[in-house]
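So, here come the structures, one by one.
Consider the two complexes below, in which chain A is the common component and chain B and chain C are the respective partners.
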Partner chain A sequence: MEAFKHLIDTLSKPTILVSFTFIIFFFVFPPTDWFEKWHKKLKFDGLWSVKSFWIITALLVGFFVTGLSDPDFRSIMLKPDNVPIAGLIFLVFFFTWLSMHQAYNNDKLIDAGKPVDEQYDAPNDKVLVWPDLVYIELITIILFSAFMLVWSIGLPAPLEEPANPSESPNPAKAPWYFLGLQEMLVYFDPWMAGVVLPSLIIVGLMAIPYLDNNKEGSGYYSFKNRKLSIAIFMFGWLVLWNLLIVIGTVLRGPNWNFFGPFEFWDSHKIEALTNINLSEFVYVKWLSTGLPGNILIREIWGMILLLGYFMILPPLLAKTWLKNLFERLGVARYSLFIVLILAALTLPIKMYLRWMFNLKYIISIPEYFFNF
Partner chain B sequence: MPEAKEKKSVTVPPASPPPAALGKIDEGSQVSRRSFFSWLSIGWIAFVAATGGFFTMMLRFFFPNVLFEPVQTFRAGYPEDYQAGEVDLRWKGKYGTWIVRDGEGIYALSTVCTHLGCTPNWLAAEQKFKCPCHGSGFRKTGINFEGPAPRPLERFRIVLADDGQIIVDKTKKFQQEKGQWGDPEAFLKV
Partner chain C sequence: MSEKKGLLKRLAEGQVWTSIFRGGGVPKSRRQRMMVVLNSVFLHLHPVRLPKHAVKLKFTWCMGGLSFFLFLILTISGILLMFYYRPTIEYAYTDIIDLAEQVPFGIMREIHRWGAHAMVITVWLHMFRVFMTGSYKPPREFNWAIGVILLLLTLLLSFTGYLLPWDQLAIWAITVGSNMARATPFIGSEGPGAALLAIGDINFVTMASDIRFALIGGRFLGEATLLRFYVLHCIGLPFIIMIFMAVHFWRIRKDGGISTPV
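Take a look at the complex of A and B:
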């Protein structure tokens, strides 16, 4: 048992956990034909069968039930604020499984030349609003209200001492649905992670109908017709949003250090986290000259890197890897698409740079409140 | 799109309202072009006045008549009250200030993290200020060295009064990244 807990704690180290997720993700949701080949070879397409659903649910339940015997795990998971996260893990898995199950079913039906599940067969598919729909809605309202009542009585919101600006709770966690954003704030300047990137998320979501000119799979679940779109969306939704929420809830402890789910929250845990900026890497570590006084000379390397990332990489990709996509989308759609994708990818890139090299900011101009 | 996805089409007769539903037009109550425009202008003027009034009142809320803010300048006792090498926490709760004495003198650090404004904790064993919100860490001098904080903690103006007591003036801030820590009022030589 101890060995198992230790294994889970080790696997929960951010570098291992996130690298493992990143690699496995694209074999589960293959964006290209090459990945799909391996997806089938590795039998990941069996993941969306009914049998797999029960196996994975049983494994998850088993993990939580055995885990609750551990006092540290129990104190995290049974905290009233964190109970929704355990629910979230099950619900996200259930709905992902459900949609993918339907998509794979439809893919099979399409291959066999049969109509998809969602095909609307008028007028035989008609149901009446009253009583069919209204009745279901009524029952749902009653059941949901009863559930919320029981939940709020069973796990009441804690009544704590009056707020005191000079005492921040340790760790000070955002509401659970914002923990992904809080995790993002660890790697970016508050301006970036608090304003620019969240706006880009909203803009990006609004842009989807304009960027996606693939008419296949519209109005019914299907995976094979929109592999890339689904892989990109699922990456943002499952990895960059939900995984970060789970990391923020379960793995972040006192002083915002990383802890394993079975590890004691020691508020004096020592971690070497001395971070330095790219300019310090260049001028202090590699050139050994000391930081230049001129801000522009000091930050020129970071600016070149960032300009290259956002200005040179997109046309380069359009000529090589993303040639087909570029031709399908056209210049305007492609430009918006690639800038949004690259902006989203700055988050995992910066997470890795922080974990592996203790890099703080690529461009750091605290004199003018600009850090990236 | 696969052939299987073909939908059965349902023919809907083109919509044309029955003549009776339109009703008779009452000649007498018809609004003329001139009166329509005058009503329109009145409506717009009323709308602009109402919204303008609303926003004026809202703007007024940003300038309250009385501000219940703690005093920004306080007396922090005598230099002898502070031990060299110690971070003093006694003014943290009331004035949001840490007073630190090192071998050469005394300085007053702001307790506001430069990342997102939480209050870090002084960890004496580790000799660092550590913010519980995103893990920013600051050395005893206030220099940021871990986590996302982009700049060092701010220092307050610190001078001696005529009676020999220390005066900390929070209205004047000194920022290291702007080279202001060298200012004589940012550091009290003892």
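Take a look at the complex of A and C:
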């Protein structure tokens, strides 16, 4: 048992957990034909069968039930405000499975030249709202109200000590739905993690229907006609949003240090970190000249990198890898799409730069609060 | 000859009942059932007829409807909570204690708190379902954008409500959140570019004039913050979200109802 707990603690280190997710992700949700070939070879398409559902659910439930015998796991999962997280893990898995299960069923129907499950023969297949929909709504409302009552009677709403501005808790955490953003604070300054990236998430979400000009797959579950858009959305929604929230909630303890789910939150745990900036790499480590006084000369390398990333890389990709996509989307759509994708990818890129080289900032101008 | 009518039946045919529910009696014929929906302001949110997959739970997951239902639960429980809660540093925390200890069957705060968490989740899952069925595609692009705004407003409503109990959990969560506002480019006192907005030595964007100051009504979390968040939580944001909800529901109908395969 202890060995098992230790294994889980080790595996859930962000470096291992995130790397594993990144590597496996696009084989589970293949965006291109090449990935799909491997997706089938690796038998990942069996993931959305009914049998897999029960196996994974049993594993999840088993993990939670055995985990609850551990005092550290119990204290983090049963903290009242973290209860929705436990629910979220199950719900996100269930609904991901449900949508993919139906999508794969429909894909098979399309391959066989049959109409999809949602296809109906208007106007013969129409049903009346009264009573066919109204009674479903009534039953849902009653069951859900009962559920809310049981939840509310069974679990008191959290209330801690009265507010005390002079005594900060360690760690001080935002509400759980913002913990993905708080987790980004490890890799970005607040102006990026708290302002720019959230704004881009909102803009990016709103832009989806205008960027995705693929007419296929509207009004029914399907995967094969919309591989790329579903893979990208899933990556953002499952990995960059929900996984980061789970990491921020469950795996971050005092001083925002990493703790495994079965690890004691020791506030004296020390993680020696000497993060250095790109300018220090260049001038101190490689050229051994010491940092120049002029800000522009000091940060020119980072600026070149960043400009290249956002200005040179997009046209380069349009000519090479993403040629087909560029032709399908046109200049305006492609420009917005690629900037949003590149902005989202700065997060994993900065994660790895931090883990591998202890790189803190690519551009660091603390004089003007501009650190990137 | 005359058949004896039951009390219920006589009521259903009486003047009072028929004046409230036009059409008379239990709707049995197809025409009567259509009129029920057409005559009711609430049921009129729905069309009269739907494609058959639109009533299947495995297609809709019912998440949009549950989000709206949770909004109603939260509005009602929130109004009840406003009777007991005073948004001042002196009373806020003790009023919350009273809610649990003095009020008989005092679970309104639990309903409100857990309902808020549940609503965040149902709104996310609703968005997920709409994406997976490709329902954001033309002609529904704009309604998807409205939905994203509703998601943002839901998070803001939850966030503003988080402060109101005025306990350690509340003020430190809001401290973490509002400190980010300090780093907003140009309009936050520690944001990139703020130092550029100055004439000589005089900075325009300072701790006492930036976006964080506007948000929390002071340089530190305090009385003004609590009142500001209270007003936003109870009046400001619900007002805005109701406008967007009205547009959202209206556009579902105007864009052709629930999405269907072409």
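One rule holds in what follows: the second predicted complex is superposed on the first by the 371 of 372 C-alpha atoms of A that agree within 3 Å, B and C clash if a C-alpha of one lies under 4 Å from a C-alpha of the other, contacts with A are read in each partner's own complex, and residues count from 1 in each chain.
Here is the rule we use: a residue touches a chain if its C-beta (ideal position, glycine included) is under 8 Å from a C-beta of that chain, and two chains touch if they have at least 3 such contacts.
What you see is a predicted model; the values in this text were computed from it and never measured.
Student: With the two complexes superposed on chain A, say which partner A:Pro165 touches: chain B (first), chain C (second), both, or neither.
Tutor: both
Student: Contact-wise, after the overlay, does A:Lys360 reach chain B, chain C, both or neither (first, second, both, neither)?
Tutor: After superposition on chain A, A:Lys360 lies in contact with chain B alone.
Student: With both complexes overlaid on chain A, does A:Trp256 touch chain B (first), chain C (second), both or neither?
Tutor: first
Student: By residue count, which of the two partners contacts chain A more extensively, chain B or chain C?
Tutor: The larger set of chain A residues in touch belongs to C.
Student: Quick one: classify A:Gly113 as touching chain B (first), chain C (second), both or neither.
Tutor: In the superposition, A:Gly113 touches chain B alone.
Student: In the overlay, answer first, second, both or neither for which of chain B and chain C A:Asp125 touches.
Tutor: A:Asp125: touches chain C, not chain B.
Student: After the superposition on A, what does A:Pro190 contact: first (chain B), second (chain C), both or neither?
Tutor: Both partners, chain B and chain C.
Student: Counting only touches as set out at the top, which of chain B and chain C does A:Ala103 meet: first, second, both, neither?
Tutor: It touches chain C, and chain B stays clear.
Student: For A:Leu273, decide between first (touching chain B), second (touching chain C), both and neither.
Tutor: first
Student: Which chain A residues lie in the overlap of the chain B contact set and the chain C contact set?
Tutor: Residues 115-116, 119-120, 122-123, 164-165, 167-169, 172, 182, 189-190, 194, 215-216, 220, 367, 369, which sit in both footprints.
Student: Can you list the residues on chain A that touch chain B in the complex?
Tutor: By the definition above, chain A touches chain B via 109-110, 113-116, 119-123, 164-172, 182, 185-190, 194, 215-216, 220, 254-257, 268, 270, 273-275, 360-361, 364, 366-367, 369, 371.
Student: Residue numbers of chain C touching chain A in their complex, please.
Tutor: So the residues of chain C in touch with chain A come to 27, 30, 33-34, 36-37, 43, 46-55, 57-59, 61-62, 65-66, 69, 73, 89, 93, 96-97, 100, 107, 109-115, 117-118, 120-121, 125, 127-129, 131-138, 140-141, 144-145, 148-149, 151-152, 155, 158-159, 162, 165-173, 175-177, 179-185, 188, 190-196, 220-221, 259-262.
Student: If we count contacts the way the header does, which residues on chain B are in touch with chain A in the complex?
Tutor: 1-5, 7-8, 10, 92-94, 96, 111, 115-116, 118-121, 123, 125-126, 130-135, 137, 145-148, 150-151, 177-178
Student: Provide the residue numbers of chain A that touch chain C in the complex, in ascending order.
Tutor: 81, 83-84, 87-88, 91-92, 95-96, 98-99, 102-103, 115-120, 122-123, 125-134, 136-137, 140-141, 144-145, 148-149, 151-153, 155-165, 167-169, 172-175, 177-178, 181-182, 189-191, 193-196, 202, 205-206, 208-210, 212, 215-222, 226, 230, 233, 237, 365, 367-370
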